[in-house]
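Working notes, beginning with the structure itself.
For reference, chains read A, B and C in written order, and residue numbers begin at 1 within each chain.
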Amino acid sequence: MKAHRSSLLPLARASRLQPAAALGVTALALLALAPLALSPLRIELLATFLTFGLVALSLDLIWGFGGILSMGQFAFFGMGSYGVALVSNELVDLGRLALLLGALAGIGAAVLLAVALSYAFFSTSLGDLFVLVTIALAIILERIAVNQTELLGGINGILLPYWAVPTNIDGYYLVVLAVVAFVFVATTIAVRSPFGRVLRAIKGSEQRAQFLGYDTKWYKIAAFAAAAGIAALGGVLYSILTGFVFPGLVGFEYSFDALVWTVFGGMGTLYGPILGALAVNFAKFYASDILLDYWLLLIGFLFIAIVVFFPDGLVGIGRALRRGRLPRRNGLGAMRAARGFLTARGRNF
Amino acid sequence: MDVEFVTRQLLNGLSLSVILALIALGLSVIFGLMRILNMAHGEFFILGGYGLLWVTSLGLSFWVGLVAAPLAVGALGFVLYQGLIRRLAASFTAALLATWGLSIIIRQLVQIVAGPRPYSVDEPFSGSISIGSLQYPAYRTFIIIAGIAILAGTVLLYYRTSFGLQIRAAIHNREMAAALGINTQRINGVSFFVGSALAGLAGALLSPLIPLAPFAGLAFLVDSFFVILVGGVGSVLGTPAGGLVIGGGESVLQFGVSPLMADILILLIAVVIVSVRPQGLFGTR
Amino acid sequence: MTKLRWMRAFVAAVGVTLVAVALAACGGDDSATEDEGGGGGEEQSSEPIKIGAPVDLSGVFAVYGEQQRQAAELAVKEINEDGGINGRQVEIVFADAQSDVQPAVEQVKSLIDREQVDVLIGIVSSAARDAVIPTVARAEKVYIYPTTYEGGVAEKFSGKGAKYVFTTGPVSEQYISPFMPYLVENYGPKVYILAMDYIYGTGSAEAAKAALADAGGEVVGEELVPLGTTDFSAILNRVEQANPDVVYAVIAGEDLVFLMKQFREFGLDDQGVTFATTELDESYFENLGAETVAGTPISLPYFVVMDNEENQRWLEAMRAEYGEDYVPGLAAESMYYSVKLFAEAAKNAGSIEPDALIAALEETSIETPQGEVSIRKEDHQAIMGNAIAIVEPDPSVPPYEWVKIQETFDRIEPSVQGSAE
């Protein structure tokens, strides 16, 4: 019986995958064709918000799949951005190569910092309260960025050299889209791989995973480092596109916004947070256009509305359409979903 | 390093600790009970201040406002709980997003109604009292005394009354408490009321000392996170302790090192405490 | 089973495509690329001139954004009542910069591309200003930055867009350099400087030190204070020990409120130390209370009590529009004259084509509520006067009248901020 089932499993999974993959490819194609239909401003916004989407995706990876809440993902985004900004201003003679070096420096620094922090804190008995570390990280980095005027541009931030900013926005947009698609596919494969399964097991109950013989610390460190790298990559793409970096980019406010985008879009899906980042940021842009004085009220209500009707986020809309009705807030299921923040009491239901 | 200066620093730290503890208490108990973070909690703080401002602008005395504003804020908290938050309490992320949406709305409404410019409330009494050779502002002393009294009262309520026992039971093991016949819904509602009222009280108390602006609540919210994590989530005794660490640390460290380093050190101390004792100073696992 | 899934996926794909097409279509009229550079240039004499005003209507700078909006609306109204500019009416479009850099850039791009504004006036945050300048330069639109700032914009963007940028707000040097000699003369040479620890504060501190050196003053202490400091006890303790004649503070906003209150609490004024600042304006008086502000020397280019015709006229107009109790701040006043400056230059040039406009702005000077303001050609920096005053509380008059002007200066030329080409 077991043998029969396990041989059927890959087939079942594959067939479940393909329609979803087809949908994804459609979406990607539409996005790729966007420059033909949308104005340059919208393409630019789309590209910018896609880089934000990378941060949201990174948060989903570490929190949605790993159960580790990070309220400081933008600290890594900012490190990527500042890396590019600093190096390109310093090594002007190298031209485009400086951008690459800056990207490597920024992403590398982010990953190293992530490894160092997570190693230090996951080695002790508790990574649950790691959220405190991530908040502290964002706050401290922002303070330093504001403070160091000569080194880091201070409160005004840094402008990238003029040659660094692409003139062909459509082209750059496609680059960003390609990167985001690649990262999405890569992380999707990763979470479905054995590594990903262990990660999700750790999220469910770290103790149990440990009892099964896994050295959970390293899985968490790897996930956190990957998330940091992805966020930093987003930062690199952002700073090249916009041509500027500023202290707010490393700070807590933006990091919290990333949380909002991720939850709004739908955690645990990897594409939901990207949608969430796009949706929230475009909503803010157009809302402030329509209702100059009251648009924030609109946004607040939007957040409440999505949570009331689709607690799973935007991805819940898709599921609801499929099922033909609004999602029911199932108490038990939702409680399971809520696990993973501050304390795992070791209870096993 | 004179005694006067150190005493003043300690007293400043104490007043900040008391305020932080009042704000964080509500957040902590609500998290302990419902496992959700109320992102609008900082707005309750600022609404307490604005409430007091409004009451005094009607011609009523400061003291009337000091009682009325927290009660009104508590009522608002209760209504929001009943109307919205209760339905979402099952999901941490849903409650997070919804309460954040609420906080955006409240902030914007405050700005629309009261305007973005900062307001100030007059101190009900000025002057200073003498502590030894030190002259310390009388109103700040009042904040310390009143704050400690309220906190002590809350702790007593929590540890000495049967209602407090019910709350403690529900925090410790919600399902068991419900199974034992404790009305957890009612406890949630009352805790929301009390927690919000305490935050509002903190805002009302502090209003003569800080400029009241729509954004003033956010900074205290982040500090509150640290307070409850250091003190122990859900622990009513731990929250004042956490407040002491964060608030006291912020004040005391400032005189030795530059304020920027002081902030960094405080954050690091908090992180260290929490890694050494992950459940917080007084939390239980 | 699988076929059903495929069908559903197909329907979903079609649905998503339809939604996407719909979204794209309803914004299809965004296409402004052709009009970018020459948009404002060629005169269509019946089409209104559009001013784009990115102001902070939400967030921490909302206080200033609101002032800027009110002042700009009045300015535009007056311009139109006067016959418009070159026969064309003026329209102003506001956008919310949200006190943040990324939204500011988004909104500026929106104003340029979607609203097709001819000129941009606004923004408070220096970071946002720096971030938008490349955009306005690429779009070849004149941009007027009306806020008090740290200086150096022309140099930073020289050859990279500075040509289009006009900084009509005062550089801190402008109101600091005449202030230091006054302080030394009236209160004593020993000065303790407290400055906010970022470029505006440090730049101001440098200006203060230079001015003090010239005036024979002595800097007995200098401290950089992080933004958001609420407890100044440690700092005030060190001040007390240095025993200065004057504490000069470049601290703004909430921090200033805390500092001043604690300064009095500490009793430093009783010890003969005078608290002087260039960041205190009338809007703080009520919050701080008479006792805290009494006797403070302040120095700014504009005070509400300034006694000139233009100021009286403007105050009347603002009050007619916004209520008898309306008290403008520096943000309102500089926004107002910035809009008027643009209008005057456009009229002088007879056109709003960027190069003509730039040339005209470089030569324009107008009477403003604070006196005459003109643009210095070299760095596009506004040159203006200054006033030094002392706060003397009087319960019988509204707080803004507590300002007693001691000295006025017609024209202060700060050091050249770079080359605006």
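As a working rule, a contact is a pair of C-beta atoms (placed from the backbone, for glycine too) under 8 Å apart; a residue touches a chain by one contact, two chains touch by 3 or more.
This structure is a prediction, so every number in the text was calculated from the model and none was measured.
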item: Labels of chains that are neighbours to chain A and to chain C; value: B
item: Which of B-C and A-B has more C-beta pairs touching across its chains; value: A-B
item: Between chain C and chain B, distance of the C-alpha-averaged centres to the nearest whole Å; value: 36
item: Rounded Å distance between chain A and chain B, as computed from the means of their C-alpha atoms; value: 31
item: Junction residues of chain A, two or more chains touched; value: 143, 147, 293, 296
item: For chain B, residues contacting two or more additional chains; value: 108, 260, 263
item: Per-residue overlap in chain C, given as positions that touch at least 2 other chains; value: 58, 197, 226
item: Touching residues (chain side chain C, partner chain B) in the complex; value: 58-60, 62-63, 65-66, 197, 225-226, 228-231, 233-234, 237, 254, 257-258, 261, 265, 267, 283, 286-289
item: Parts of chain A lying in touch with chain C, wherever the complex brings them together; value: 15-16, 18-20, 22-23, 26-27, 30, 34, 37-42, 44-45, 48, 143, 146-147, 149, 154-157, 159, 162, 165, 242-244, 246-248, 284-285, 288-289, 292-293, 295-296, 318, 321-322
item: Touching residues (chain side chain A, partner chain B) in the complex; value: 121, 124-126, 128-129, 131-133, 135-136, 139-140, 143, 147, 252, 259-260, 263-264, 267, 293-294, 296-297, 299-304, 306-308, 311, 329, 331, 334-335, 337-338, 341-343, 345
item: Footprint of chain C on chain B - complex, ascending; value: 5, 8-9, 12, 16, 108, 111, 115-120, 122, 128, 135, 137, 209-211, 213-215, 219, 250-251, 254-256, 258-260, 263
item: Chain A-touching residues of chain C, taken from the complex the two chains share; value: 2, 5-6, 8-10, 12-13, 15-17, 20-21, 24-25, 27-28, 30-33, 57-58, 94-96, 98, 100-103, 105-107, 109-110, 113-114, 126-127, 130-131, 134, 156, 160, 197-200, 202, 226-227
